[in-house]
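Step one of this worksheet: look at the structure below.
Going by the order they are written in, the chains are A, B, C, D and E; count residues from 1 in each one.
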Amino acid sequence: MPDSLVIALIPLLPLTGFVLLGLFGKKIFRNNSGIVGTLLLLVATVLAIYIAYGYFFGYGKTNGVYQKLIPVHYSWLRFSENLSIDMGIILDPISVMMIFVVTFVSLMVHIYSLAYMKGEERYSTYFSFLSLFTFSMLGLVLSSNIFQIYIFWELVGVSSFLLIGYYYDRPSAVAAAKKAFIVTRFADLGFLIGILILSFYSNTLDFGLLIQRLTSPDSSQWRTATEASFLGISALTWGAALVFIGGAGKSAMFPLHIWLPDAMEGPTPVSALIHAATMVVAGVYLVARLFPVFAIGSPQAMHLVAYVGTVSAFLAAMIACTQTDIKRVLAFSTMSQIGYMMLSLGVSGFGTFDGSGYTASMFHLFTHAMFKALLFLCAGVIIHYVHSNEMNQMGGLRRKLPVTHISFLIACLAISGIPPLSGFFSKEEILFAAWRHNAVIYWMALITSGITAFYMFRLYFSIFWNKENSHQKEGGAQHAVEGGALMVLPLILLAIGSVCSGFIPFGNLVSFDGTPVESKPHISFSILPVGLGLLGILIAGWFYKKQNDRSDKIASSFSRIYQAVYHKFYIDELYLFITKKILFNLVGRPAAWFDKNIVDGLVNLTGNTTTMISEKIKGIQSGKLQQYAMYFLIGAAGLALFFIYYRR
Amino acid sequence: MNLSVLLLIPLLTAIAILLAPRNVQPRWIALVGSFIQLVFAFILLHLFYSEKAGNDAASMVFIRQYSWLTAWNINYEIGVDGISVAMILLTAFIVIAGVLVSWNVQQRVKEFYFLLIFLGLGAYGFFISLNLFILFFFLEIAVIPKYLLIGIWGSGKKEYSANKLALMLMGGSALVLVGLLGLYFSSGGERTFSLMQLARLHIPVGIQKIFFPLLFTGFGVFTALFPFHTWVPDGHSSAPTAGSMFLAGISMKLGSYGCLRVAVYLLPDAAKEYAPVIIVLSSIAILYGAFATMMQRDLKYMNAYSSVSHCGFILLGIGMLTKTAIVGAVMQMISHGLMTALFFAVIGMIYERTHTRIVSEMGGLMKVMPFVMTVFFIAGFCSLGLPGLSGFVAEITIFIGSWEHSGLFYRVATVAACMSIVVTAVYILRAIAQVAMGPVKNQQYLQLKDAGWNEKLAAIILIIGIIAIGVAPSWLNHLVSPGAEVIMQKITNK
Amino acid sequence: MEPGLYQVLFISTTLFFIGVYGFFTRRNLVTILMSVELILNSVNLNFIAFNKYLWPHRLDGVFFTVFIIAIAAAEAAVAIAIIINLYRSHQSIDVEKTEELKY
Amino acid sequence: MSGSTIIFYLLAALVLVSGWLAVTTRQIFRAAIYLLFSLVGIAGLYFWLQYEFIAAVQIVVYVGGIVVLIIFSIFLTQQSGQKLPSQKRGRIIFSILAVGLGLTLTMLQLFQYTFVKSTESPVSANVTSIGRQMLGVNDNGYALPFEVVSMLLLAAMIGCIVIAMKSPENEQK
Amino acid sequence: MKSEMVVTIIIFLLLIVKIGRGMKNELLLSIVQLLLLLNTVIALVYNQEGSLFDGMFRTSSLIGFQKGILSLGTYLISLLCTDWLKKNSNLPEFFILMLSALLGMFLMISSGNLLMFYLSLELSTIPVAALANFDIDKRISSEAAIKMILSSAFSSGILLFGISLVYGATGTISFAELPSKVNSGSLQTLAFVFLFTAFAFKLSVVPFHLWTADVYEGSPIAVTSFLSVISKGAFAFIFLTALYKVFGSLHDLWYHMLVILSIASMVIGNLFAIRQQNIKRFLAFSSIAQVGFILVGMSGGGASGISSVVYFVLIYVFSNLAAFGVASVISGQAGKENIDDYRGLYQTNPFLSWILALALFSLAGIPPTAGFFGKLFLLAAGASRGNYWFIAIAALNMIISLYYYLRIIRSVFMDKNEQPLGPVGKDSDSRFALLLCAVGIVMVGLMSWIYEYIQGLK
């Protein structure tokens, strides 16, 4: 059993970082804030590695099965004897894997940022936000309670908001931050209701109990949850699906992906950390966390996951081919890769259930974190150098930025699934899982992988080759070009990571039930994907290696489709329409109007009527003595009549 | 201990302010007084815990009873349970914050602070009184100071707003009055206003059905029950900063506390009868308020409408009539009190500097006044229910509580309520984005100063409260649950 | 037929309402005062009649009448004094002139 | 049809007719005279009812006092001989309606009601008994009302003096 | 009988003074004030049961207390209106008339039969009518006077007709014998209604209220306050006796009358008060509405009815006199009676403003002022009949009344005014009186023993 303090420290260190830097950053640490944050995180990383080692190769395994350990656990808010939000730390293969990924990538980004963000006005703020994010992300992956995960879910969202909006004086950045937060918030609504449903039927908020109760067909909760149905769909499916919507929002799955490209407005390291490696995979992690509920409890929900994943993967790949902003391309590729993970989780819902997809997805998550972070950091270097995000501003940088060039190439190969790089292994497992369960998804995935290779290398060639002799002038200050050691070191480390991580025997370590899964496909299986990948690379080379107009020709020949794809299938516009036109003009405005004129009007009306009446009846007080007397007599007579003839 | 001290301290403070010689600044007296009160509130909390440890059975503790008017059998009865202790803490927080925020009031300083403290007095009295007559007395005592605060120190169309507020609140209390008299005369042979005795006897359902609407609507007017909320926007936006803090922070809570403590607790059967109506109205208020907020240009109006929405949560929680929901409602009272007070404080700070409250005229203030804007962020995030801040805890508790009903009707209501968290996010973020972020619209904003010590202190006090609930809610939960438990017993039996 | 209580009552009631009519319609304050006198007299007649025909064992009615007459005198005196004063300021005692205070 | 009956109806006619004329005639001076007749008629009725004392008081106070007062006031305030302005028709109609309502209501009640008589022996209303009771204090003596009235008359007198008498400083104005 | 004695003695003293001309107004005024204070004290102490003159005059501790309230009010008026009184050329007459009116009210409260009631009613009316004309060379003053005397003559005519019918039907006029004789036969109902209207007229209950506003506005403010406070109080007291003791057997007849009339009074009074400009006229209508509330309490019946009404009248004396006092100070020294002239009063006269605010809040029934308790007990007494919609209407009327009271508060405290009227009301008398009223307004409510004491009286 691990020392709970050590584990607790892992999230708490970044938290202290956040508090320290947040409160005293400006006053005390100033330019050292970066160092402080990085050191704290370094410690956390070391601890994480220590824990991971200990778990995988020590106490984690009892008689060959990886256990769910809960070393830290206290009741945070107790609603009733059954329902309570507990703050706990769960240790199981995926969470351990995740804490490693998060801390490692985050550390890389911290180091990178030391140089990248130097001289920024809100330097310390930046690092405090970074630490906040790291803390929340760690909290998220370690959650032992479904509400705990929701809590950190929200925190992650807000820190992402803060970091996207870091350049708050840029309207575009502010808009992007808002968009990201609101879209994910919308998804979280689904998540919340899903939680409510699941917790209502399982009558607990604790993951272990919840999964156990909702997956064992003999438990009473299972029965009620499956029998209770709304619109002909079982409550369990509703719950699972709604939770998945939450996940889809965070993981930028179609159609909730629209915030991701804009999120690139944030500083590039942030994009690397949050919008490539860690936060965006939270959705995948969530589904994985509740995997049994999905897989056993409601296959329909699982199918949803699978299809959404597939569609997202494919669409994102398509769009990526047309984008010219390098970070956006990467963003869409991220989306597409996450689509892969989702679908590989989802396929387990088809036919005979096995855990291969689960493992594959986690594996891909791991490798993807490496090479995607690497890609972004490289992009950061490039942008730093070129001072532009536009591809066509670049070209022929391979001599200017050698290290970047190499690591970028590695990353590209990895993502295109070229052996023996990490991407190859993970992607192949995914394809294998898909192939075993569902043909359609398999083929879609396959094509997508081809496209992936194409657009990644389109990016690669047009940055590092293509118009050779541009940017000669900056050639002077060679040494500072790649931002010095602090920026290069992370590149190298991550490059190594993306090369080697493929060889980790993932199947033995991470699986949905803790027992090793053996899903190595026959070598012949990998011919097709790899071939496709290579084909993609060749085409990309043919188009973009040398400066030419072939690509434009193609584009113009398919202009209608090209435009559609270029505009991301007009999904943004659709959303804009819904929010602006429908929510604001058809709901908000009327509500405000109603309040101003009807509700308020009624109140004023009563007031005005009173005054009006009093104005009207003033004639009674006519000042005529005899009229007064007349009223007197009539009043008396009236009373007398009333009480003599009416009431008696 | 004797709770009358809670009344004595503000009373003495107020008198001291009135009698203060020229050279003593009233604001200092007010500050000292409210600080003592704050300390005392904490002492009360501590004593309450120890007392509870002593006898957990008693629903109310520190009960004192002095016969006041035997002719009508009206007694000065005071006592607290967890809920009231929580409310008292809230009041103490907001009073001191209000005093600090209105540090630079120029005209009629004496009167200003006198009224401020007097308002606090009313609130304390309301929360500790166990006799409906005394309760009503303190409920009404607070109306006129509000009127004067808005009318004299307010801004905008202050007369109109002040009038509207005073009249609508009086209307509410008129209904309450009729309801109370009804309770009194239907309380069996030996008529009484005493809360405890009334709670003990079973009022026939027929009678309950007559008086519950009166009482609930009456108190509801105070807590912006749809469609009686229309005093809220005008009143809040015209009031001076401290005034708005009081209005939204405390006085709206008087209403919800009354709904819970008097209407629901004493007339449980009728409460069950009318629960659907309450739920519908409050769900409407929640969404409708939120959407109305989206359309506002003026920060104060924005916050006022969002208060309508948030108080809808309180009423929803009460209407759901489950223990968790009621606990959630009380938490929301506290949370919304602190949060909205903080919001108004910030708005006041902004207004003091930029002399505008129109969102579109600001921008990039983050660069100009980082502290104020940070507070603005926190308030905003609290109001959109960010975990780690109090709003989240309260809302989640209400959701869980209302989800305990399995009927489709309740489900729909709850989901509708949940929807508001998105809308809230929309308008809060729009506000934050327009006010704090973006380029600095107006160049002379660059000269503006950041918050002064008093404003910082005020903000920090409130933020401490918010975070204390948000990060470790269980203490509040333990404080409140027994009280809610008592109410639940009344609701569930027979 | 033989005059009795009812005949007297008829007279007094009619007189009463004649007085009232005068009070309503006369425009001169003095004449209004006259109608008041008529009213009071009708009441007196009532008292006397009741005393005579129904309750002769005590003289309540008679005394009432006496005192009413006295009061009437006092009232008339004060009223006339006021009227005279009014005439000083208004140069008229038309009731239509005394309508400045209204609404 | 005995003589007393005839006298009664004559008196009744006198009272009502002159009363009616008193409130309708356009000549204010005549109005006063008609009022006088009507009051005298009432005095006659008192005689007819054998309440000589009251009749005497009526003659003395009203005819000798109030009517004279009224006539004086007319002289003070009115250029005699000129007609009174006539009342608006609408007012007259409404007054008739109101009065008619009251009259019919009262008459109906009076004549539907059967009065009970006291069985005790009547006391004579001669001057001595009235005088004795007027100043008696114990068994239904009317000393207290007497005092009250005297106070009232005093007050009225003072009031009249203050109001009606032009005080010197008013003269200067 | 002793209070009557005292008052009579004072009257005769003044008479002597008047005859032997030659005393400065100031001195005379202060002497009179002293005597009135004495009168108040005497009225309040040592009151015993009893009846004199063969039941024509009855008294009790409660009646004694009521007389005490009335004389206290008179004393306060004599203090509050010093400015006007000092200027007055015939001060002794003023007090003679006022005191004889007061005497009339005393006798009326303790009158034991209808004759006494009628006489003392006239005694309390005719001198006041004369008083109304005391601004001798003001047109409106004499207009007010003539309106008052003639309409009261009319109402007393109807009252007398009613009395005569009662006499005819029952053969007695003494309060002691009536209860056993009255029944709700149609003629007696008619007679009762006629009687009732007289009370309604004096209390200015709608629709018998129309004289009120005009007379209040026209007559000097001292007289107005006397009318609106003292005489209203007196008539409320005797009304209680008449309804509860004498006509107790017509219980549900007058209950329904009260319900109808009180609603009418509250509504009409409020509606008219909303748009008044002259402060006296405004207070006239507000007092009509207040009377509506008194009727609510009366309708309750029983001990709580009596005590709540007496209690309210006590409070009403303080509150209304405070309001009138401020008005009289201002009109006496600045000659302003228009509400618009009060704008920005707070800038120059904080003391007066606070007193006025206190008074108005008490009239509106806002805690912690005594008015709150007074109104509450009235409503409670009314509610004891279980007629809640009636109470609800009354409660809602409190809102309208609050609206127009706030109107004045607003113009005093909030409205800006370039040339507010200068500082006034510095003289000790009025200040003392106002303070007295303020103390009363605050204390009478919070000191519950006062209510207990009234409850204890019988």
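Everything that follows uses one rule, which is that a contact is a pair of C-beta atoms (placed from the backbone, for glycine too) under 8 Å apart; a residue touches a chain by one contact, two chains touch by 3 or more.
Note that the structure is predicted; figures quoted are calculated from it, not measured.
Chains touching both subunit D and subunit E: A, C.
Shared contact partners of subunit C and subunit E, listed by label, are A, D. Centrality by Cα centroid goes to chain B.
Among the other chains, D has the CA centre that is most remote from the centre of subunit B. Taking B-E and A-B together, the pair of chains sharing more C-beta contacts is A-B. Taking the mean Cα position of each chain as its centre, D sits at the greatest distance from subunit A.
Spacing of subunit C relative to subunit D, judged by their CA centroids, is 5 angstrom.
One simple way to say how far apart two chains are is to compare their mean CA positions; for subunit A and subunit C this gives 98 Å. The centroid of the Cα atoms in subunit A and the matching centroid in subunit D are 103 Å apart. Here the CA centre of subunit B is 71 Å from the CA centre of subunit D.
Looking at subunit A, one finds that residues 607, 618, 621, 623, 625-626, 629-630, 633-634, 636, 640, 644 touch two or more other chains. Shared contact sites, meaning residues of subunit D that touch two or more other chains, fall at 91, 94-95, 98-99, 102, 105-106, 109-110, 115-116, 118, 140, 142, 145, 149, 152, 156, 159-160, 163.
In subunit E, the residues that reach two or more other chains under the touch definition are 115, 119, 122, 126, 129-130, 133, 136-137, 145-147, 150, 154, 165, 168, 171, 186, 190, 213-214, 403. A complete list of chain pairs in contact reads A-B, A-C, A-D, A-E, B-E, C-D, C-E, D-E. On subunit D, the positions that touch subunit C within their shared complex are 4-5, 8-9, 12, 15-16, 19-20, 22-24, 28, 31-32, 35, 38-39, 42, 45-46, 49-51, 53-54, 57-58, 61-62, 65-66, 69-70, 72-74, 76-78, 84-87, 91-92, 94-96, 98-99, 102-103, 106-107, 110-111, 115-118, 120-123, 125, 129-130, 133-134, 140, 142, 145, 149, 152-153, 156-157, 159-160, 163-164, 166. The part of subunit D that touches subunit E in the complex is made up of residues 105-106, 109-110, 112-113, 115-116, 118, 137-145, 148-149, 151-152, 154-156, 158-163, 167, 169-170, 173. Taken together, the subunit A residues at the contact with subunit B in this complex read 75-80, 83, 85, 147, 150-152, 154-155, 158, 161, 165, 168-169, 171, 174-175, 177-178, 181-182, 185-186, 188-189, 192-193, 196, 199-200, 230, 583-584, 587-589, 591-592, 594-595, 599-600, 602-603, 607. For subunit B in complex with subunit E, the touching residues are 68-72, 74, 133, 137-138, 140-141, 143-144, 147-148, 151-152, 158-159, 162-163, 166-167, 170-171, 174-175, 177-178, 181-182, 184-185, 210, 214.
Within the complex formed with subunit D, the residues of subunit C that make contact are 1-3, 5-11, 13-22, 24-28, 30-31, 33-35, 37-38, 41, 44-45, 48-50, 52-60, 62-63, 65-67, 69-78, 80-85, 87-88, 93-94, 96.
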